[in-house]
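Taking it in order: structure first as structure tokens, then the write-up.
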């Protein structure tokens, strides 16, 4: 695999990243892309904002009792994008994920918009044919095409479904979509309702049969209530809160999460910078979760 | 009725508005006024901000199962205001509401500050003598006069009470006011306490006797917690959340809402634009509620 | 020509626009597109920001002595974009410009990013084979391809040159580009140097031979110094000021400007809103200039 | 004169203000009013923003060689406004100015919007019957009525003219108005053209005959280019710069300035805070100018 | 005690502050210091932001039924800081607190960063040897040294502990710290867990044995969720909400709160100004609580 | 020299930086420090903001005809600061500069506040005993002590003078200071007046005798007018513009610039990001100037 120029070298890296990838368990990569964003663009600045904001976090996570200092992970920087059409970008994400897997690392992708998820899914499903996809999101993302683009971020879970075929997809807390998208979620029985304060038992029960399956967790930050993450391109009132995220991530302790992404942070929309800090803390949780498995 | 120049023609219109008012059930109108705002002004830009933000919403509402595509409503634009003193503006709102009623439409007013409500109440009470007023608000708005203006937005519910006489007024979740205002609310038994997470049964029970009464719903966006709607002129910490709004709007399903307003959005105070999106989504809910009845 | 759905109907319109296109001399159209923007996106919100900001302008222009009240122009709204790839968008701009020309109007295009200019040039050159292009810009925009996209906004003047063939192009005040781009400008003798406070005599002299030629004026707002227009995606320090713009527009009085565009306003980057007001005032000047000819 | 409750006591005061008014030569007063602002409101926060920003200035002014430490002035705080209609506010400004004059101080009024100027003019003309008015402004403010309010900030110089009768008014650098307003300025021969970099000789020459006349200087901050003062309600591109202000203030050295105001700062529009600092530095210049005479 | 120049005189004061300290029960003082802030600085502007924002509050508090109008308190302004190293500042806070106590007032300190708390604790423990410290905070602040500064705001509770020796410290709702800090809190049994919606019974039970002890309440505003208070230097997702604050303040009704501080507001980080309003409302609650005892 | 941990490794680097320092001619280093900032803090974020903003620049500079691609420079990252008191930080800057010199590179320091300059001067004067200092700044920075700190950024040129002894210091365009500071500048004949549009001949003439002297150029970004660089901690109206900077940098072509710094960028104060872009473009000019010599 020719990986010259696969990554940009000039950006910042995530707090506590090793400077060599040897002996690491997790590989972090950014994707500075927002080409299909339908309302407010700007997620291209998401990966570097997460990295810069990570500097204000403690390495210790009191909820899990784990410390980033005890985990080895390597931040490759952001994928170098020489083409800007959606398919080329998704191909690059696939290539980067393959490279991470070849290096025996678990991928953690920082977006950028949600369309990129199908790239990592393509790479992962080769290694993990029985891959399960779990999505935290405000939007269903199940359109077959949007603005005449089948690879729009509004279609990303449908594109992943095309790849995953009969593998299970779970969608948690979706609160926005077309009537058709809600019908699809119901028909496929893949929408797990989740309201603020829920205890996560329904999620646990639904996941039970998949105890030994590899899981990919895609986190669209607009899953959170816009009061927590205003810095996203299509904020949707009525979302979830930090304690809900902790409930879910705790439930996943007993499962085998082998990769994930954090997408749709658009940092400049939130001048307070809090959205980027939330994203950086989500990344800390995901690093800990990935390391456990 | 001479309605030449009643509306401005240069602004945007709400998502999915018909281009002719024929066959519509709802008439939308904006009021670009903030003349009595006591702390931070700027609600004059509220109506157009709601309209522009509406473009990022889905037309489908999963909570109600309804789609805006199935409803016909007409956005007249904003009332043309040639005078800027409070009484003249309220008169214009009255005139615009009358015009909407004459066209057999239910009025949905977009503010602008809260003082405008007494204008639509004046017009509506002629058609619906037994009109009930329900207010979602942080503030009681029951002062008799404020800064020597009896028509200040701090007096608007008192002015409505003057018009409604013995008709019932309900005030939901009020958390700020003078000692006198709280005494009035208690004396008139019209304050319905509502805390985050409440199930709305108290509201339902209080409303029960008014099953067949026409209801006007005035929504001051500062009812929401400032974390959700920072873009308002007098934000008051300790407010309600989106799920609480859904609880209330669901309870109103069994009642006859025949008009309403959404006021006090001051979009420039919130550079993230989330406040405007919340307001636009409240408008979507209100359109669906108005169409049901 | 099937023009159903050519324009969106829900947005605002420019100050003083007629409500019917009959008897107008100018047709305004917006293009909400920023798909190839290389640094900060957001010009998709440019056209509506210009329209809303126009409300704070006087209709009278003391420099020219003209009043918008004496001119009839029609704002069609923004082009409806069902595809978001650059070529499709440019085709739509071409179509919209053709429609404007068929209606016997002079086109004034509001961007949106600069890539759209080649669309209007395509339409205009059919009607005006000897069309001259004048560009106010910080950047040369003469790359043959950028990020593997030949239609990137960084290539737009080169694309126009492809269409215009041997017709003259003038580039005024360019201060950023690659070494190759500066060599091209020099070779083609089309860069007119312009520093703050210049009197415009060089411009006049260069234009002299083209007295009777139809001129298209494309104004990239980053031509202005970023202190005046911070709200643009690739601001370049060292730009020009309002008085310089007035100098140039005055010099064009004696020439035949038959169309133009105002591009690269990215309103959300400038929370003060001043950038949008500058753009709206540039539009006022351009309306007056177009009407003269 | 009953002056109980004439001033608010809770706000900040201007840098270096004495704590007693005894022995002072200048009296500063704020007017937190923006009731007739036609585009973006917010000048009610101007006076306190100027005071807080003054803390970052040096007391020494190298251009004049003067130091605020050598001047005694007293900041009364802002006028307490119990009524918010324009006429009541102007009356309060008149009352406050009279109080300042009775205390043998020269008034320096901090706005607030421009409508307040006629209040101080009313008070001053009683003391100085041959008062001359000099206005720095982007707008002519010569309308007779605006939005049906004869006391709108768009009419303020016309209202002052009503009071001053045949006394001379000079308007410097006006660049926006209706055709009628420009005709009036020309007819009355009171517009002094002033472009960036001008040397002020025309001003000096025009003022020459009024060497011994008392002068009131009203400074609307939108006279400055919006790049310098974006924080104002109706910014007008094409304005003047700091060096131009210095040119003018220097020319006034030989004249008898006995009062002045600084109006139309709307601090929240400019999140950088620079507009407030410009206003505070203008105030420093004006204090020095007032003290000289 | 030489108290000349102990306080700055030019800033604003808290809503309803008396103009003389005679007969008051509470003394308010600001500390404009942020010298050890590790991430985003700016808390130096906190005290004046709280005072200015207090103007938009009602004096009446419906939860407690109390009105500020019935309480006498005096705002001294901010401590004059001639040195800016941490130890000097803490000494000045100690001096100011002593001065307040000498005047028989209860101190309410407005920060500024958290490091200042040890200054007031030093002064108070002399008067109240059995002083109890209660901390609302996101961070443990128990490091012994941070960035080689033992008086960093990251060490403030450890410094207070040094002073308080065996007196009890309670830390409520801490959610961030090093592994060592969490071990210390556990070992000392001083961390009171508190999640959103908790009823406060655990707190009450823990406090029970200290019914008659004097209590100092230090409120780091980052205890609140960043959605409520984005305007703070090290926001930590997963915080508490206004209703939680009310729960706690209500539980303290039966205890003897004799002083307190409100720290870490960094107003410019939150352009909406809501963070300052939350802080001002917290101050209103604390004034009422202090007055009760 | 033990240089372990001299630099942070997690931040971004300047556009086009080599990945190894071998064969480079210039060494870039950041100093994330703002400990003595007297008004608005935040320059600690300056270095990384410059690096991130550099990504939007062209590598080619049309004024000089040079391209960054032809120059080799290495960005070490920011100095790791374990102590935060001014003297320790200045010592670290000295150490870092020494390390750069040992590697045979010319230092380019990115601030951070201005106090750091004396650190690099200390290191440089050992290598270049006849070092000349040229300062672009709004402020004289000649106080002997400020807020009881002799190393405050308000004293930095005085501290440099202490080190440089009788070596020449030139101060260009200073427009703010105490009376004493202006007297010192005059007495030492080191203030070179510079107004917008000046041609730089005076500067050239003053520098003439120092043709073969090594020059250090310290650029405080508040030298620019605040309209160009609002993102600085103590903006001073009446500054210079980009064309003035180009005039000066061009005049320095004939002189021997062997090091420099760019200080006082406080990026979060300017939400448009333009200030950071100006700073990044100044850095591009300085890299080219350093490479020439």
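The letters A, B, C, D, E and F name the chains in turn, as written, and every chain counts its residues from 1.
Heads up, the rule we're going with is that contacts are C-beta pairs under 8 Å (C-beta built on N, C-alpha and C of every residue); 3 or more make two chains touch, one makes a residue touch a chain.
Predicted model, so just to flag it, every value in this text is computed and none were measured.
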{"item": "Co-neighbours of chain E and chain B - touch as defined", "value": "A, D"}
{"item": "Pair in D-E, A-F or B-E that repeats D-F, with over half of contact pairs matching by residue number", "value": "B-E"}
{"item": "Farthest chain (mean CA position) relative to chain B", "value": "F"}
{"item": "Approximate Å spacing (C-alpha centroids) for the pair chain A, chain C", "value": "40"}
{"item": "Cα-centroid distance, chain C relative to chain E, in whole angstrom", "value": "56"}
{"item": "Residues of chain D whose C-beta touches two or more other chains", "value": "40, 55, 197, 225, 227, 269, 271"}
{"item": "Pairs of chains found to touch, sorted by chain label", "value": "A-B, A-C, A-E, A-F, B-C, B-D, B-E, C-D, C-F, D-E, D-F, E-F"}
{"item": "Complex contact set, residues of chain C against chain B", "value": "9-15, 17, 19, 48, 51-52, 55, 271"}
{"item": "Residue numbers on chain D that touch chain F, as the complex places them", "value": "55-56, 58, 60, 62, 67, 197, 225, 227-228, 241-243, 246, 271-274, 277-278, 281"}
{"item": "List of chain B residues in touch with chain D within their complex", "value": "34-37, 40-42, 44, 81-85, 88, 147-149, 268-269, 271"}
{"item": "Of all residues in chain B, those that touch chain E in their complex", "value": "38-40, 175-179, 182, 195-197, 225-227, 230-231, 234-239, 269-271"}
